[in-house]
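To start, the structure itself, in structure tokens.
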Amino acid sequence: MLSIQENQPVEFSAALLEQFGEIVARYPENQQKSALLPILHLVQAEYGWLSTDSMDKVAAYLHIQAIEVYEVATFYTMYFLKPQGKYMLEVCRTGPCCLVGAEKIMQHIENRLGVKEGEITADGLFSWRGVECMAACGYGPVLQIGPEYTFYENLTEKSVDELIDTLRDKAKQQA
Amino acid sequence: MAEEVVKFKVTIDGIPVEVEPGTTILNAARQIGGDIVPPAMCYYSKLEGTGGKCRTCLVKVSKGSEKDPRPMPKLVASCRTTVMDGMEVQNITSPDVVEARKGVVEMLLINHPLDCPVCDQAGECKLQDLGYEHGDEGTRYEFERRTFERIDIGDKIQLHMNRCILCYRCVFVANQLTDEREHGVLNRGDHSEISTFIHKALNHDFVGNVIDVCPVGALTDKTFRFKNRVWFTKPVDAHRDCPTCAGKVTLWYKGDEVLRVTGRKDEYGEVEEFICNTCRFETKHTSDWTLEEPTPVDHESVIGANHYLNFNPPSVIHEDKKLQLANEEQLARTERLK
Amino acid sequence: MGRKLLLEHINEPGIQTFDVYRQKGGYRAVEKALKSMSPDDVVEEVKKSGLRGRGGAGFPTGMKWSFLAKPEGVPRYLVCNGDESEPGTFKDRYLMTHIPHALIEGMIVSSYALGANTSYIYVRGEMMPQIRILERAIAETKAAGLLGKNILGTGYDLEIYVQPGGGAYICGEETALLESLEGKRGNPRIKPPFPAVAGLYGCPTVVNNVESIASVVPIINDGGEEYAKIGIERSTGTKLISAGGNVKNPGVYEIELGVPVEEFIYSDEYCGGIANGKRLKALVAGGSSVPILPANLISKTINGDARLMTYESLADGGFQTGTMMGSGGFIVFDEDQCIVRNTWNFTRFYHHESCGQCSPCREGTGWMEKVLYKIEHGQGSIADIDLLWDIQRKIEGNTICPLGDAAAWPVAAAIRHFRDEFEWHVLHPEESQSRNYGLAHYADPIKPVAQ
């Protein structure tokens, strides 16, 4: 995953543009705007978040106005409009998960990472937030990590600790 | 021989009217006029696709049509529901409608700043009218009101997002009157806001019309900002030969000075013709315009209340030289505008 | 054991793959429909089956199909609603994860019935793994000649694409879903026109839930009449129930409609009873938006009849004493759960998910959340409970889409059945912060009401 600073210009790679093209081909002529949500997911997977410049370039690619991209990117909760930790832990905070202890899990994550909801750890590796129902109520508490939205279910404090350690090791190896 | 035009008969609050098929309940009511016309905060007949959002125009359909007389199960948005032949509608005669509308007014006001004393829209604000005519006294809301970060959208238009009721009219203006929309609705739910996202001045030729269509003080004329209360200004219809628009406007005078220029509005507060930015912002001298006549003003309105159309000096003035002197200017203007 | 139509082969190793699915008799419905039935025949079978939309509204699927406008020269679309987000519901995730070909097969047969040559499966963006699974399944099916141009030499062409959402519950509302699929904000459209006339790209469109579409497969294989033999009255066939909350065995169960609720909760075949030996306090039977029921209205209706897992029996008593089948999100609350806290939680959900288009929902959901937060945290007053009741009443029925109702109903039902728990929070502000109200009298038998 590349990372970009705020408002630094981006240039989509040939591979990314090829994927854009495949998506646009799914829709009838002149309906290329339909590709907006899937393309924003690809851009976010590439850069970790959606900078203004990246959204402007998506608008240009789809021949739509920049505001149309901003409107969509700010409506849907999966799109990040500022940089996040390398691993964003999204914990379900809705009723059924709370019946089986999601609130405790969130508290534990906050203690363990030492950052509040929405903040990034000093090493840039983690951020976390509560999200609304992830449609996995029978396996709660649950959390997911983008960009592939890998899923972790039946969480316990112990399994969360192990997950954080594993991710930290993984990041070390990649570095 | 002219072909016979099929018309639908619809009854609103017991008053029958015949309208063309495809007419909405709201527009049928407007054809009748008067108190039975539902209020509309988001619908704007000159902008395609508006309506349905504010829910102030909800009415009860007590009979669907001649063919299918069943009532509709829920209250419907009269601005987006078309009439059927034989339809019967209840607006102010339905306690359900009055109650629901009261609820909508309360909802619209819970986060509205109520900063009317410093709002340029006060006096011609549709939310003030709505609250006065359809709302309840007081509010049951006890929490802090929602606020937004201020953003600058240029030197012509002032955006006060805190006052916005999200009618989306200004978005339709940009879509339908300009070739590039630079503002829109961002975020969602009660965090939704009108914004440009990045700092940007709105300066398309026709974008100034967002001011006229805004039912509240969210989008106001920056060149008129804090210049005067609208009820102290005197509207006069005028026109000019404009290469961009029809050039038919209302000039708002204070003394001899044109404080602001707007489109001409009808009794429902909708402009008759959209005007260009040049007419609105750049031509503010009487010499730019051919004056027509004082804009007809509803007697009940705050502008009317300021004795504009006919300055009716209390009889005591006629007998008192001192008072005549004190009101000299006002009397002179009344003479001038007669 | 009840009959399994959707999950019959769920435990077969490799059922995720085309080959195993095909070996187990998969894609017979495609062969049968495309080779020996006309599109109208397929619609007719679905009508006969009595299948009702499994997404929550329960509208008869065959009837919905028959409303589809068919103007000359205009494409028609089938869009599958895989935006599963209703708290308590996770059956579509299960189906798409474990037996994706059931959905693809249903999509082919349904698209054929509706005359669609391009169909989309809109899956919520968070289900990226399921999106990958479906994309793989589509590729396999295409490679086998069951999808693409001239399927099985019948001359019928069909492409299926998977579309990810971006994180918005509201996109489960069919017109918001279509807006989203067109690359816009998920603002529900103002109806009419209905999608059957002007849907995706302004063309006639049918939007169906994942489970509804998958159910078309057994209907075509065995015939609509056979399908209708399962179940009771107008609740025909089998239904996936997502069981969660405080049950011993949470998970997705396929039931024959008509199973008694009591059996579903306590039998080892299904939920296996309440977890940790606790007692049942309350039930949300069909996803967070349906009215919550106290323990004494769960097993039996107000008239003393056994309550069954059918659309009719769950709704018995109306909102006064009944609830709804909804999407089959079965959330069980044990005696240690706080109804006020849960109501606040659900309301926070609806507040968060309101699109913000119409005023009662945009403003009202946030207002209810604030009042509930106050009560839950021991700062409420009795007047606040009445205020809540009034706010929900002003939202219900007055909004553009059903999200307003969905936000209002749980609040109304919680106050209707658990008002004393709300009052206890108000009258015992400190105690309510340190312990729960508990089961109280909620499981006591209901006294017969004098006529």
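Each chain gets a letter, A, B and C, in the order it is written, and its residues are counted from 1.
We take it that contacts are C-beta pairs under 8 Å (C-beta built on N, C-alpha and C of every residue); 3 or more make two chains touch, one makes a residue touch a chain.
Just so it is clear, the model here is predicted, and its values are computed rather than measured.
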{"item": "Chain at the geometric heart of the assembly (C-alpha centres)", "value": "C"}
{"item": "Furthest chain, CA centroid comparison against subunit A", "value": "B"}
{"item": "CA centroid of subunit A to CA centroid of subunit C, Å", "value": "26"}
{"item": "Separation of subunit B from subunit C, taking each centre as the mean of its C-alpha atoms, in whole Å", "value": "42"}
{"item": "Computed distance of Cα centres, subunit B from subunit A, in Å", "value": "42"}
{"item": "Multi-chain contact residues (two or more partners), subunit B", "value": "185, 187-188"}
{"item": "Contacts with two or more other chains, residues of subunit A listed in rising order", "value": "68, 71, 75"}
{"item": "Subunit C: positions in contact with at least two other chains", "value": "168, 185, 352-353, 355"}
{"item": "Interface residues, subunit C side, partner subunit A - complex", "value": "75, 84-90, 92-93, 118, 120, 124-129, 132, 159, 161, 163-169, 180-186, 201, 242-246, 250-252, 288, 329, 331, 333, 337, 341-342, 345-346, 349, 352-353, 355"}
{"item": "Footprint of subunit A on subunit B - complex, ascending", "value": "180-188, 196-198"}
{"item": "Complex contacts: residues of subunit A adjacent to subunit B", "value": "52, 65-68, 70-71, 74-75"}
{"item": "Residue numbers on subunit C that touch subunit B, as the complex places them", "value": "168, 185, 190, 351-360, 362-367, 370, 387, 393-394, 397-400"}
{"item": "Touch list for subunit A against partner subunit C, complex", "value": "26, 28, 31, 33-38, 40-41, 62, 64, 68, 71-72, 75-79, 93-96, 98-100, 131-140, 144, 146-151"}
